[in-house]
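Two complexes, one shared chain (chain A), two partners (chain B, chain C).
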Partner chain A sequence: MSKRQVVLLATAFAAVAVFSTLSFLLVNTAPQGKPLKNFTAPFVYGRFAIPPDNPLTEEGVELGRRLFYDPRLSSNNQVSCSTCHQQSLAFTDGLTGSVGVSGKPLAFNSMSLANLLWGPQFFFWNGRSDSLEQQALIPLQHPDEMGQDLDELVQELEQDTTYRQLFRIAYGGISAETIAKALASFQRTLVSANSRYDQFLRGEIQLTEQEEWGRKLFMAHPDTKASLRGGNCIDCHSQFLTSGFNTKFDGFINNGLDDEANLSPGLAEVTGNEAHRGVFKTPTLRNIAVTAPYMHDGRFQTLEQVLKHYNGGIKPSKTLSPLIAEADNLGNFSDGKISLNLREEEAQAIIAFLHTLTDETFLTDPRFSNPFSDKAK
Partner chain B sequence: MTITKFIPCVACLSLLLACSQAPEPAVADFNSEKTQGLVLLSGLPALGTKDSLAIVELDPESAKFGEILYEYELPEFDAPLHHLYYSPSGRLYATGLGTQCSLAEVKLVRSASGAPAVNDVDCLNTHGQVVGEDIMWHAVDGTQYMFVTFMGGTGLDQADGGSVGVFNSQNNELVTIIEARKSVVGEGQPYIMYPHGISAYEDRMVVSSTVHPDLATGVGNAVTVIDLNTFEPIENIITEEAKPVGFPSSPVEVLFVRPSIVAGAQPAVLVNTMFGFETWKIPYNAEAKTFGTPEKLYDGAAAGTGVPLEFYGNEEELFISHAIPGVVKRYSLKDLPDLVSSGEDIQAELGAHHMIFFETASGRKLIAIQNNLLNLGNAQDNDPTDVDFIAKLNDHSVTVHDLITGERLGAVNFKAKFNKGIDNIEALFGSGFVHHH
Partner chain C sequence: MKTRRDSVKSILLAMAFFMVTACQWWQAKPSTLVLRFYPFVGDSPLALSSGLYPNPGGEGSYSIRDFQFFISNLKFKGKEAEHRVPQSYHLARFDNQQGIYELAITLPGGQEFDLMELGIGVDPEANGTITVAGDLDPNGRMAWSWDVGYKFILLEGRLNQGDKLLPLVYHVGFDENYTTTAFSLPGDTDVLNLKVDIARLFTANTPVDLASLPTVKFDRADAARIGEGLNTMLSMCKDECAE
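And then the complex of A and B:
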C-alpha cells in the first residue's frame, strides 16, 4: 500500500467516524421541544392527563399536523389521516364506511377527533386501542386503510429535511414510536370549545326556546311518575361535549341497533366477554350535525333517523343497555316495543339542541388545517 | 368588648374511634383533583403578602399535602374576596367584602399540561351594590336567576342598607335590585337590612339580617321573606331570644329545608344567629304559603358554642360550623328540619367556618374545615384594619378530618406557612358538597 493509499484510507476512516458520530447525534439528540404556548382548554370539561413521556410541545404538535395531512404516510402515497378525518366535517369523512388504499369501504364509520384530550383510552368503536399513541399506528398499517410498512415510512421520512429537523427537536429522532407521539400530540390539540352551546355555558348567548326545550329533554331520563318527559340522551352521552370517558369501559353500550341474532362483536372482540357483544363506544356529540352518517356502521344518514331509532326502532337483545330499555315517556313497557315515545316536536327540539353543538371555529381553525395547502403556506 | 369574653367551655373531646375498612384503592382511575381545594387567601398587610386564589392539596396521604399547587395573585381591592360558588353550569363566582369588587366571575381554564389555571377575574357591574356575601341560583317561573346578597346594599353610608341583587344567570347582567330600607319603607313595613344568608323554595326566598359591614353601625335580628313573584319583601320574622353577648342575634346563614334536599321533608327555614349563638326553625306551610312561629332548636350559650355560621350538607348529614370553640356539629339529613345529632362534633379550630367533603385515592371520606372568621387584620401584627374580636376567631388553618370518625388527619396553617389568611374553601372538582347556604 502506497503512502498515498494509506492517507486516503485514513481519511476515509476519519470521514466515516465523523459521519457516524454526526448521524448518531442527529438521530439520538435529546428532545428540545418547547412547551406548547397559548394553549388553554375549558376547565368545565373536567381534568385531562397528558402522558408524561409525550408532553405537548410546539414542535411535536407542528410535526403531528404535517404527518396527519401527509399522504406519504400511506403505501400508495395517496391517503393521509385527513382523508378519513376532514376538518370541515369535524374530522370525519361523510362516508358510511371510510375508503383507504385498498379501495374497499371499511366496516366502520370514521370517528370525529374532537376533544380527544378528555377520552384518553379505549379508542375506536370497539375500544381496541389503549392510548392515542397506540391508536395512531393502527390505521397506518391496516391493509385497507393506509397499508404502510413502518420501517419503510421511517426511511422515507428520513429523506425529508424538514421532518428530520422537526423530529430531532421534538423527539430526538424518527421512529415508529415518535411518529405515533407526534400524531397523538396534534390530535390532542384538536379542542372544540366554541359551539353555540359552549357560548351558552359561558353565559355569552341565550338558546332559543326550542333549543332550550331540546336541552332539557336531552338531559332528562323520562319518569312518568313524576310527569317528566325526556329524551334519555344524557344517560349514555354524559360526556357529550368531549370524546370519551376516563373510567374503565364507561360509555360503551349497546344502543339497540341489532337483535340478538345479528349483534356485532363490538367490545367483546377486545374483552372476550359475551356481555360486551353489540357494545360500542358512545361517541362525542360535538359537531354532530356535520358528522353524518351515524352509528358505528354509519347506518343512519340523518339525525331524524337517529331519533326515529330511539323512538320505536330499538331491537332487544341480552346486552341492550337497561338505561335504554327502561326509557319510555308513556310507560308502555308491557306492549313489547321499546320506544322513547317522544312526540315529533320533542324530537325536533332535541335535534335543534344538537345543532347548537356545531363549532364553526373548530371546523375552520387554521391551526388544525392542512399545512401543505396553498392557503396554509 | 370582645366576644371572646363569652367563650364558653370547650366541649369535651370525644372522638369516635370506630375503624372503617378502606375499600380497595382504585388509584388508576382516581381523579386527584377531588382532593384539591380552591382557597381564597388574604394578604396580611403587616406580613407583606397579597390576596390570591390558590389550589392546595388537601389529601393527608399525599406527599404534597398542604402545598399550594397553583396560585393566582388577585388585583388589589379594598377588601378581600370572601366566598366562592360554582354555578349550576360550572362557572365560578366570588363575592367580595369591599366596594371595588363585590361580585366577580373567575374564569378557570386548563393549560397544555392539564393543570387548572385562572385566566381572569371579571368584576361584575353590581350597579352600586357593595359587600357581596352569598349567592343562590334559583328558578322563578321557569327562568333561572342568580341572587346575591349585598350586606352593604347600595351604599356603606346607609345605616340600614342592604340589598338582594337579581342577575341574569347567563350574562351576569343585573335584572333588578330588591331593596327595602327601614327608613324608606316606614315603621312596620317589611324591610331588608344587611342581608347575608339566602335560601329559597318555590316562590319564597328568605334572607337574613346580619350586621352592617362596618360592624358598628347596626346589627339585625330577623329574616326577611321575599315573594319571588313580585321580587318584593313581604314579611320579617325575628329569631332572637337570649342575647349572650348583648347584641341583637344577627342571623347569618339560612337554609330553606325543602323536598329537593330531603325527600318528603316538611319545609322549614333553619337560621343560625351569629351573636345569638342559636339555631332556629321557622316552619313553612307550602300550601298556604305562610310561615309559622320560630322555634329555637339549639342554644349555643347553653351548649358551650358560639358564632354558628354555615350549613353544609352531603347525601346523609347536615353540618353546622360553630366558630367558638371551633367545632362542626353534625345532624341526620333525613330528620330535617329538626336537628337530630348523627355523631360527635368534629373538633376543628377557632373560627370554624366553611368546609368541603372529598374522598382520597384509598377511598377514605374526609372533611376539610376552614378555621377563620374574617381576615380583617390583627392588632398583634399591627394591621391597620384590625378588628380585634374577629382576629381572635382566626386560626388561619384548614383542618382535615376523617368524615366518619372526626379524627384529625392533618392541618395546614396558612398564616404560618404562607403568611396569608384564608377566607374561603371550595373543592376544585365540583362544589365539594351537595347543599350549602
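And then the complex of A and C:
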C-alpha cells in the first residue's frame, strides 16, 4: 500500500466516523427543552411516573401553560381550558355542569386539577382516558366543550411566532400530539402541598381541637366493637393525597347517590363490567372547600349536604360499596337504613378538617396563573 | 528468547482462562422463577362478584367483590446459599383476565435453593412506617392510616340469606397476625403453582357464621380469629389448580 493510499483510506475512515457521529447526534438529540428545575413533591405522596416519551421540560411546561389559558384552542376562540378550570377555584368552575362553546351545560361537574401525578391514572369521572395526553384532546374536540378541529388548531398556532419557537425547542414542531404533550406536562406540575394539613404533616403547625377531631374521624372506619367512631372517608380517600387509590380501578366506587333503577353507567361504560354500574372516580379532597358544587354531577351545593348524604342519604343498589353499606357508628346497619349515624358535632368536625385542605399557595401560585394576563407579564 | 513451547503454553493458559470465565459467567447467570397464585374458595375457583360460596358456619351463601393480600419478605434457602428478594412486598390481586396473581422472581445463578419462605401480611417493622417499598403504598387501598398500618388481607363481598343482603367486610391486619410459611422447592422448575384457599380464613377453628361476624376491622380478637387461617391459606399444587 502506498503512502498516498494510506492517507486516502484514513481520510475515508475519518469522514465516515464524522458522518456517523453527526447522524447519531441528529437522531438522538431529538428536540428537547431543558429539564424542569425545582420540581418537588412531598415524600408522603409516594411514587409517581412521568411518561418517558414526554419528560417534564421548562419549555414543555411553559407551552402547556400558554395553551391551557389560550381561548384560540376553541372553535369560537372564546373558551380555554381555564374557562372551566379556574385556578382560584382549584381549577374548577363553580358550576353544576360546565358550559362550553355550545352554551349547553354538560352533564358532569368540572373536576379539580391538583396532584394529577398521583391517584387513579384514569381520567374523567368514568375513567375513560388512561393518560393525561390522551385526556387533553377530548374536551378540546367535544362539540359542547371546545369544539375545536385539530388540524385547524395546528394551522392557527403555526401563525404565532412564540408558539412556533416553543414547540420547535420542546418537541420539534406543532401537531395534535405535541399539543397534548404540552398540556399534560403543565397539568403534571399542578402540585398542591402547602395546605394547613400539609403544614401539620410536616410538623410546622398544630390543628385546632375541632380540626384534629375531624382528622381522626376522617381517618377511621367506624367499628362499634372496637369503640371506634369514624367518618369512613379514608375507605376511599387516601390518607395523605385524599384522592382515590391509584392502582387499577381501586379509586372508583359507587357511593350511593342513586338507587338501582337510576344508576348511571359510570365506569361500566369503560369496562363493560356490570359490577361497575354507578361507579365513579373518587376525586381528591385537596381544596375541597373551594370546589363546590360536589359529586360527578354537581348535585350537592355545600359540604354540609355532602355529609348529610353519607349520614342517612345513601341509596342502596347492587354495586354500592360494601364499605359504605356497612359503615355505621351505631352498628345497626342491618335495619335497612344505611347511615354513618354521625352526631352533628362530628359532621361539623369533619367539615372543619376538610377546610384544612385548602392550599392558598396553590390557588395563587404565579407559575400556574394566566400567562396572558397583565399581572403575569 | 521465546521458545515454541512457551507460546503453546501461553495459548493454552489463555484458553483455560477463557473457559473458566465463560463457565463462571454461565453459572452466575440469574434465573427466573414464576410464582402463580390460584385463588379458590374450598374446591371452587374464585369468580369475583359472580361466584356464590356456602356460608361456612351458617345459612346462605356469599359472593366476593374484592380480594387482595400482601405477600412479603420472600426468601430462598439452599444448603450453602440464602437469597432475600429485595423490597419484597407484593400485593396479590386477582381482578385480571386470568384471575390469578403471577409474580416473577429473579434468583442469583450458580446456587441451588430447596426452600422458599414468605410472609403473609406486612412485617411489624414495615407495618409501622410509611416507607414506600415494593407494593407498599401509604396512599393505597391496603393502607389504613399511618398510626394503624396496613391491611394484610382485604375481602369484601355480600352474604345472601333469602331476601336479606348483608355487606361483608374483612380487613385484617395488626402485627400479631403477620404469618410466615415455608415451602420446599421441587428441583429444576421455573414455575411454581400455589393454591390460595380463601375458605381457610373462616374455617381455621370452628367454622365462622358470616351473619354473626360480617365485618372484621379493628377488634383484635376478631382479627386474630380470621388471621389464624393465614398459615394454611397457601399450599403448593402441581397442575391440578391450574386446570
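Rule of thumb we're sticking to: the second predicted complex is superposed on the first by the 339 of 377 C-alpha atoms of A that agree within 3 Å, B and C clash if a C-alpha of one lies under 4 Å from a C-alpha of the other, contacts with A are read in each partner's own complex, and residues count from 1 in each chain.
In this text, contacts are C-beta pairs under 8 Å (C-beta built on N, C-alpha and C of every residue); 3 or more make two chains touch, one makes a residue touch a chain.
Note that the structure is a prediction, hence the values are computed from the model and not measured.
When both complexes are superposed on chain A, chain B and chain C clash. When the two complexes are overlaid on their common chain A, residue A:Leu228 makes contact with chain C while staying clear of chain B. In the superposed model, A:Pro35 lies in contact with chain B only, and not with chain C.
Once the two complexes are overlaid on the shared chain, A:Val44 sits against chain B and chain C alike. Contacts of A:Leu241 after superposition on the shared chain: chain C is touched, whereas chain B is not.
Contacts of A:Pro322 after superposition on the shared chain: chain C is touched, whereas chain B is not. With both structures placed on the common chain, the touch criterion links A:Phe200 to chain B but leaves chain C unconnected. Residue contacts after overlaying the shared chain place A:Ala275 against chain C, while chain B stays out of touching range. By the touch criterion defined above, A:Met219 reaches chain C but does not reach chain B.
Between chain C and chain B, the overlap after aligning on chain A sits in one stretch of 57-65, 75-83 or 165-173, namely 75-83. Common to the chain B-facing and chain C-facing surfaces of chain A are residues 44, 47, 246-248. Per the touch definition, chain A reaches chain B in the complex via residues 35-37, 39-44, 47-50, 55-56, 117, 200-206, 246-248.
By the touch criterion given at the top, residues 44-47, 118-119, 219-221, 223, 225-226, 228, 234, 238-241, 243, 245-248, 250, 274-275, 322-323, 325-326, 333-334 of chain A touch chain C in their complex. Remark: chain B residues 29, 31-33, 89-91, 105, 108-114, 116-117, 119, 169-172, 429 touch chain A in the complex. Looking at the complex, you find that chain C touches chain A at residues 48-49, 65, 91, 93, 95, 130, 132, 137-141, 143-146, 156-158, 164, 166-169, 171, 214-215, 217-220, 222.
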